Every structure is written in structure tokens, then in C-alpha cells.
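Some structures to go through are shown next.
Shared chain: chain A. Partners: chain B in the first complex, chain C in the second.
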Partner chain A sequence: MKKALALAVLALVVAAPFGLKPYGIYLLSLWAVMTIAAIGLNLTLGYAGQISLAQASFVGIGAYTAALLTTQGWPLGAAFALAALLCFVIGWLLGYPALRVAHHYLAFVTLAFATLVYLILRNEEWLTRGVYGISGIPRPTLLGWSTKAPLDFYFFCLGVLALASAAAWWLLRSPWGRAFTALRENPVRASSLGIDTRRYTLMAFAIGSALGGIAGVLYAPLVQFIEPTAFTLGLSFNLLLMVIVGGAGRFGGPFLGAAVSVLLPEWLRFSEGLYLMIYAVFVMLLLALCPSGLLGLAERLRDSWPRFFKSAT
Partner chain B sequence: MLLAGLATGGIYTLVAIGFVLLWQTSQTINFAQGEFVMLPAFFVLAAMKFGGLSFAAAMLVGLVVSLLVLGLLFKRLVVDPVIRHGVLPLVISTIALAILMKEGVKEFYAADAQPFPAAWADTNLQFGGAVVSVQNLVIIAVAVLAVAALQYFLGGTRTGRRMQATAQNPVLARVLGIPVGRMVLYTFLINAALVALASFLVSPIYLAKFTNGETLGLVAFVAAIVGGFNQVRGAIAGGLLLGVVDNFVAAYLSAQYRAAIPLFLLIAVIMLRPQGLLGRAEERTV
Partner chain C sequence: MAAVLQVRDLTKSFGGIGAVNGVSFAVHEGEILGLIGPNGSGKSTLFNCILGQLRPSSGEVRVDGRPITGMRPCDLNRLGISRTFQLLQVFPQLSVRENLLLAGQEHQGSMWSRLLGARDAGLSAASGRMLELFRLAALAEEPAGALSYGQQKLLDVAMAFMAGPRLVLLDEPAGGVNLTMLAGLRERLREINQAGKATFVVIEHNMEFVMSLCTRILVLAEGRIIAEGTPEEIRSNPTVIDAYLGH
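What follows is the complex of A and B.
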């Protein structure tokens, strides 16, 4: 059942771009990129139970790394390696002091960090060109396969997404991942079972941040023009809401949440500025009624379906 | 200079105290606290623009609406339904609330900064060569009065003591016959009054704009942590410290990186004294 669903989704995302206009393909690529960042945040939020408000900053760090390196003629692969390493180390350094205390501290340390990253991106013009941003970011060529066309680049994004989700899948099935889950379910019991809770939480946050960096490396050649305001708190909130709406701590959550978050503004275009307000109210209702997100809601419906059926007959 | 810092700190303090009170009595971490400060100014502006009220009457209306919306409705509609799922969903819910409030003001009132009338003269006084702005003096005076009144209420009256008991041990408070639910509601109302006050003080300086809340919310939390999360005294010390440091750094070091100060203070305090400057270490409950 689950396998069939996964295959159907896979077939859908492979077949979807054919027949779509370039803008539709752009939206699909954006979905793939945001899903990677959301998978990273899901590790932090859904499995380790920590709120990070700096995921957009890590996406930004990744995007600027890619933009700076590739416009200098470096291959995108180097940007992937450097961005992932950079975000991992920064995440570790940020999380280390914050996790000494209590869970809500990381939220505010990352919030302050997001402000700092924005200020650096805006003010250090020698490196980031400040508010003018960086344009003309080239799309990569892979073993002679040029991904310049939107469709080719979408499949490139999809490939990276597949790798990232496979890595996350493997991580969550490993003893490490089980420790993450134990941590979320009951941190006190986990620590009494000999799990070093702080180290695992820190690792989840650092790995999640690294995935944010990887998403950023894809984001830069996707939009081909980046500037500081793209990576402010708004995007962090958006990523956070993606994870929550989809279903935090569920593997499929980020995929669904990112789809809702990327596509909903298009569907609600008629409402113009009201869109964000509708979305915010929707999230608040969802949290009040079903904090496990849309996937949790679907599960609940599925479980209650036979009962409903029985009572009807 | 120091005075300007103390004035800024006074405003931070009001916001931080509300934050700490909410945390103490109901485990609510209000991520929309900054937006709570942004909104009351717009209630006043709207009352003047659409209701044709005078400034004084509009302030009163703004305060009452703040109490209703940011106190009562916030508790009933946002906190109560979500808190039973835990602290984490509530944090996310207040984040969504912050977005809702920001977008609401942008959509229904104005996207650009609105001038906000001051309740006092915008002049400077001369004190033997030193120039002192009346505005800063008024802010400090109001903040001190508000904090003193709050301290008296919490420590000197029957209701205040019951509220403190509720914050310290809700179960025991209930056993002693204290209406815990109502005490928690009072806390939300006090928080609403504090943010409304802060709003009226800060808006004449920075103008009323829908993005005002972003930094204020962060600063309030940093002030609370720096001072000690579980102490009203701590919030006062943290707020004042942050205001003074903020103004000095902006003047002498770097105006560009002014907004990064909270980060450095926050990390320094967490590394050196995680319970805050005046705080007690909190015991973990299993």
C-alpha cells in the first residue's frame, strides 16, 4: 500500500512536467528544492523536536556559495560539498550553546542568527554584492548533459531530491535515526537508556542545516539571480509551516507540505494579498484540530473510515 | 545617550515582562509578542481615522480593543485549543498568528509607515549643558510607573499573590482554592495592557509600520533570557541592559550591525550563565 503510493507519486512527478509551460516547470523545480530544505528541517523539527528559524539562512548560505563559486568557473559539485560542510559546521556551532539549556532556546538563537546572516549578506558588499545581488548564475553541465533548459534542470533537481530523500531514509532507518525518534518521543527516557540526547539533537540539527545548504545550492541556478531578501525570516517560517502542514516527523510530510506551500499561492491567486492570511488561519486551525498535519489527518480519516462504514450499514 | 538607552530599555522591559508572565503562568512562548506591540498603535490610528475620535479617546479605545483581542481572544481562540498538544505546536501557532497580524495590517490598513501622534511635546530640555529629550523622560517615567504598579499588584494585592501562586505551582494553587483559569486569564490581560503601553510609547519614535514587531519580539525574548527567564526582575534588568547596550553600540561601534547585538548577548549569556543574570536554575520535571 505504502509502496504503491510512493510509486504513484514518483510516476506523477516524472510525468508532470511534460506538457507544462516553463513557469509550471519552474514551480515543480521549486517544489523539489523546497522539499529538500523541508526534509532537512523535518530532521530538526519532526525527529529531534527542535525549532530552527534559520533554515532559510542555510538555504541562503548554500545559494551564495553556489553563486560565488560557479560564477568564478568552479563546478557545482564543489559548491555542494562546500555548502554542505559549511552549513553542517555552522549548525553545530550554533546548536552547541543553545542545546545546553532547553528546547526553546534554539528557536531564538537561530532567530538571532537569521538576522545576522541577513545583515552580512546585505552589508558585506565585497563578498555578496549587497542589495544588488548576484545574477547570471550558470546551470551545471553533467557529463556532457547540459541542464540549461527548464525541463532538464527540473530532472536534475529531481535527481538531487531523490538522493537527499534516500540519504534521509537511510539515516532514519539506521540506529541513529531510531535514536532521533526515541529522543522525540521521550527525551528523559532516551537519556536514561544511555542515549546521549544532546549529541543526537545537535547532529540532527547540523545535518538538517546541511540539507538546507544543499537546497540553496540548487536554488541559485534555478532562479539564476539571488539577493539577500530572498533568505529572510519569511522563508524560514514558510519552511517551518511546510513541515508542520505536511506532518512533522513523517517521512512524506515535507513532500506534501512543500507541494501545498508552492502550489497554494497559485491556486489562491484570486485572493491576492489575502493569501498569506488564509494560509496562516489554515495553519492555526490545523494545529488546533490535528497537530500531526495533513498526513496525520489522512491517517485518522483512513482509520475511522471502516468504522464509519460499519455504522452506516 | 544613557538616557536614550534607558528609554529604549524601558520599552523592551515592558514587552519582556509580558513575555515572562505568559511563560510562567501558561507555558506560552509567544512568538507574536513583537506583533502584539505593533498592533495597538493601529487600533488607535483606525479609531481616529474611521471613528473620528480625538487622540485621547482613541488611545482608550485602542487599549480596550487590545485587552479584548490580544488578551481574551488570543487566549480563547489561539492558546486554549493548541496548548493541550504541547509547547511546540503552540510556538508554531503563534508564528502563524504573527504572519496573520502582519499581513492583516498591511492589507487592511497600510503598507507604509504611518506617523503616530505623541502624547507629549517633542522638545529638548537643557540641564547645565546636557540636552535631554522630553520624549525619553516621558518614556522612562511611564515605564517605571507601569513596572512599579505591576510589582505592587503582584506582591501587594490578594489577586496578585494568587497569580504568583498559580505561576509557581498551578496544582497546589488549585488545591488551595485559587481559580487558576481566571488567574491565567488575568496574565493574558496584563500582557495585553503592557504591549499596548509599549506600543503607544514606541510608535511616535519609530512610526507605526506593519514590520515593527520583527525586531521587538526578538529583543523581548533576549531580554527575558539575559535577565533570567523565570523572573520578572530579570526581565527588567535584561530589558534595560539591552536598551543601553543597543544605543551605545549603534553610536560608537557599528550602526549596520546593531541588529546583531541580541545574538551576541544571547550566546554569551547562554554560554556563561544559562539561567540568566538573575534567574534560578529550573528543575526538569519528568
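What follows is the complex of A and C.
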């Protein structure tokens, strides 16, 4: 059942771009990129239970790494390696406050970090070109396959998403995934069972941030022009929303949440000026009625259906 | 007999109020030591100070002669010291088997082998034995939260034994467990104690359970040890009766 569902989703995302206009394909690519960043945040927040309002900053660090390297003629592969490493290390360091504070206090620490990154991107013109941004970011060529066209670049994003999902899947099925869950649910008990909560907390931050960086490396050649305001708190909140709307701590959550966040506003465009309001009401209703997100809602329906059928017959 | 655990002059006060006031005792290899006393006498605080959940105000704790005061709970656990808490603490959404795997996984290999290696961390045999021993095999794949309270309590205790510890501190293992299951729990604890020479310290209010399980008993009142002896001696000690019945 789960396998069939996964195959259906795979078939859908492969078939979806055919027949779409470039803007539609751009949105699908954006979905793939945002899903990667949300998978990272889901690790940190959904599984390990550490709130972060700085995921957009890691997307920004990744995007600027890619933009600066590839406009100098470096291959995108180098940007992936450097951004992942850089975000892993910075994420690890950002994890230290999480060892002392939790919940909204931790949210404020990450908020301060996000502001810091934004100020660097905006003010350090020698490095980032400040408010002028960086344009002309090239799309990569892989073993002779140019990803310049929207459709090709979409499949490139999809490939990276597949790799990132496989890595996250492996991680969450390993003893680490179990340790993350224990860390989120009951850190005192976890630590009494020999789980080094300190090290796992830092790891959760580092790996989640590295995935944010990888998403950023894809984001730069997708939009081909980046500037600091793309990576402010708005994006962080959006990523947070994706994780929560999809279903935090559930593997499929980020995929679904990113789809809702990227595609739903577009589908609501027929309502013109009202679309953001409809979207906001939808999110409020969903979270009030089902805090475990869309996947939590699906689970609830699945569990109550057999009962419904039994009482009907 | 060698002392597995040695507590010397342990004191813990909260804002000037002493919860534990200069407690000293030793636990010998293979012993089952009972720790009893009225509510608020400092038993759980003592456990928390020994196991690093709380930092003692003063005093020293040694395991096998090695000072462990101030060490982190996870490091102590990996030295072979394990515990249960007064309130049941299993992970309700993990399956029974996963709870056991979790309790054993950090005791072998490195961080990296746990990431790249097998999902069961090579513990399938060990977890199977524990499931058999605590009669939980039929429930292995159920989420722990779906078990009855008594069964969860058994799982909670089983988790403490998963990594083959040499010293186990049990905080009210019998609380809320029905009589049949209680007899089973006592048998399991005895079996493990005799087979593995594991040493236990047990906090318990159920006198029948303590008296029939423990080889020696310490009585704590107002953060001090007021009596020590075999179950028979404790039963007839006037100071103990006084502490329990009030002044």
C-alpha cells in the first residue's frame, strides 16, 4: 500500500511537467527545491524536536555559495560540496544554544542568527554584492546533458531531491532516527538509556542545515538571480509552515507541505486579491482541527474508515 | 565483598532546604538493596544525584571505586549503570521491540556504525531474549502506548536491563502493577540477579514486595538514613515504625 502510493507519487512528479508552460515547470522545480529544505527542517524540528527559524538562512548560504562559485566558472558540484560542508558546520554551531534553551527561547536564538545572515548578505558588498544581488547564474551541464531548458532543469532538481530523500530515509530508518525520536519525546529518559542527547541535538541541527544549503545550491540556478530579501524570515516561516502543514515528524510531510505552500496559492489565483486570505484561513482551519498536519489527518481518516464501514453494514 | 556503588556524605539542598542530608552507604556485588521511607524522604532525589540527573550539593559517589559524581547520565549508562523512573517512561509511539533496541543501541559500535549499519544495531537476538524473559514477545510489534499499564511497566524495566548493566536502580517498579504481574516481575528480577550477578537498588512503597525481594534494606526519613538491616530486622525496628506512623 505504502509502496504503491510512493510509486504513484513518483509517476506523478515525472509526468507532471509535460504539457506545462515554463512557469508551471518553474513552480514544480521550486517545489522540488523547497521540499529538500523542508526535509532538512523536518529532521531538526519534526524528528529531533528542535525549533529553528533560520532554515531560510541556510538556503541563502547555499544559494550565495552556488552563485559566487558558478559565476566564477566553478562547477555546481563544487558548490554542493562546499555549501553542504559550510551549512553543516554552521548548523552544528547554531545547535549549541539548543543544548541550553528550548522552545520559544531557542526560536529567538535562531531568529537572531537569521537576522545576522541577512545583514551579512545585504551589507558585505565585497562578497555578496549587497542589494544589487547576483545575476546570470548558469545552469549546470552534466556529462554533456545541458540543463538550461526548464524541463531539463526540473529533472535535475528531481534527481537531487531523490538523492536527498533516499539519504533522509536511510537516516531515519537507522538507529539515529530512533535516537532523534527519543530526543524529541523524552530527553531525560533518552539520556538515561545512554543516548548522548548533546551530540544528537547538534547532529540534528547540522544535518538539517546542510540539507537547507543543498536546496539553496539548486535555488540559485533555478531563479538565476538572487538577492538578500529572498532569504529573510518570510521564507523561514514558509518552510516551517510546509513542515507543519504536511505533518511534522512524518517522512511524507515535507513533500505534501511544500506542494501546498508552492502550488496552492497559484491554484487560488482565480480568486484574485482574495487568494492569500483563503490560503491563510485554510492553514488556520487545518492547524486548529488537525495539528498533526495533512498526513495526520489522512492517518486519522484511515483509522476511522474501517469502523465506518463496519457500522454501515 | 566488593562495593559496586559507594555513596559518601551525599547532600542535596534546594534553596536551603535539605532533601538529602549527608547520606552514606555502600551496595555490594550481587545484592538487592531496598530503599524505603515515607513520601518526601529523599529517595528519588538520592537516585537522581547518583545518576547525574541532579548535581549533588556535596558528597561523592563511586562505582567500582571510580568517582562518578557530576558525570552525565548517558555516560553513566554506558558504564553499565541503568535505571527506571518513578513514573513510567517508555516511548509510546515506538513499538515494544524498538523501545528495547533504543535502550541497547548506544552500547555498541560507534556513532557512524549506528548510522551506516543495520537498523536493529545487531540487537535482534538480545531484544528477542528480553521479550521472552518479560513475556512481551506476543506484543513485540505493537506500539508501546497500546499496552496495558502493567505491561508498559514491564517494558520499562526490561529496557533498563537491555544493555546488560551491572548496577540497576529501580524507582518504584511495583507501583500500579497488579498482583499477578507483580509476582512475575519479582521472579524476573530474581532471575536476572542470580544469572547475571547484576546488583540492584530498589525504591518501593509496596512492603510485601520489598521484604520478599531484597536482601538488605535502608530506611530513609527526612533525607537521612535512620535504619539499616535485613527485612526481618527492619520489620521490627521501632524507629522505622515511628517514622512511618508519625511522631
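One rule holds in what follows: the second predicted complex is superposed on the first by the 295 of 313 C-alpha atoms of A that agree within 3 Å, B and C clash if a C-alpha of one lies under 4 Å from a C-alpha of the other, contacts with A are read in each partner's own complex, and residues count from 1 in each chain.
The working rule: a contact is a pair of C-beta atoms (placed from the backbone, for glycine too) under 8 Å apart; a residue touches a chain by one contact, two chains touch by 3 or more.
Since the structure is predicted, the reported quantities are computational estimates derived from the model, not experimental observations.
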Chain B versus chain C as contact partner of A:A288, first or second or both or neither: first
Contacts of A:R173 with chain B and chain C, given as first, second, both or neither: second
First, second, both or neither for A:V188, with chain B first and chain C second: both
Which superposed partner A:L276 touches (first chain B, second chain C, both, neither): first
Which superposed partner A:R199 touches (first chain B, second chain C, both, neither): second
If touched residues of chain A are counted for chain B and for chain C, the larger one: B
Which of chain B and chain C A:L211 touches, first, second, both or neither: neither
Partner chain in contact with A:L256 - chain B first, chain C second, else both or neither: neither
Chain B versus chain C as contact partner of A:A37, first or second or both or neither: neither
First (chain B), second (chain C), both or neither touched by A:I61: neither
Chain C-contacting residues of chain A that also contact chain B: 188
In the complex with chain A, residue positions of chain B that touch it: 29, 31, 78, 81-82, 85-93, 95-97, 99-100, 103-104, 106-107, 214-215, 218, 221-222, 225, 256-257, 259-260, 262-263, 266-267, 270-271, 274, 282, 284, 286
Chain A - residues contacting chain C, complex: 171, 173-176, 178-179, 181-182, 185-186, 188-199
Complex contact set, residues of chain A against chain B: 49, 51, 97-98, 100-105, 107-109, 111-113, 115-116, 119, 123, 188, 233, 237, 240-241, 244, 273-274, 276-277, 279-281, 283-284, 287-289, 291
Residue ranges of chain C in contact with chain A within the complex: 51, 53, 72-74, 77-78, 82-83, 85, 89, 91-94, 98, 101-103, 105-107, 111, 114-117, 119, 121, 159, 163
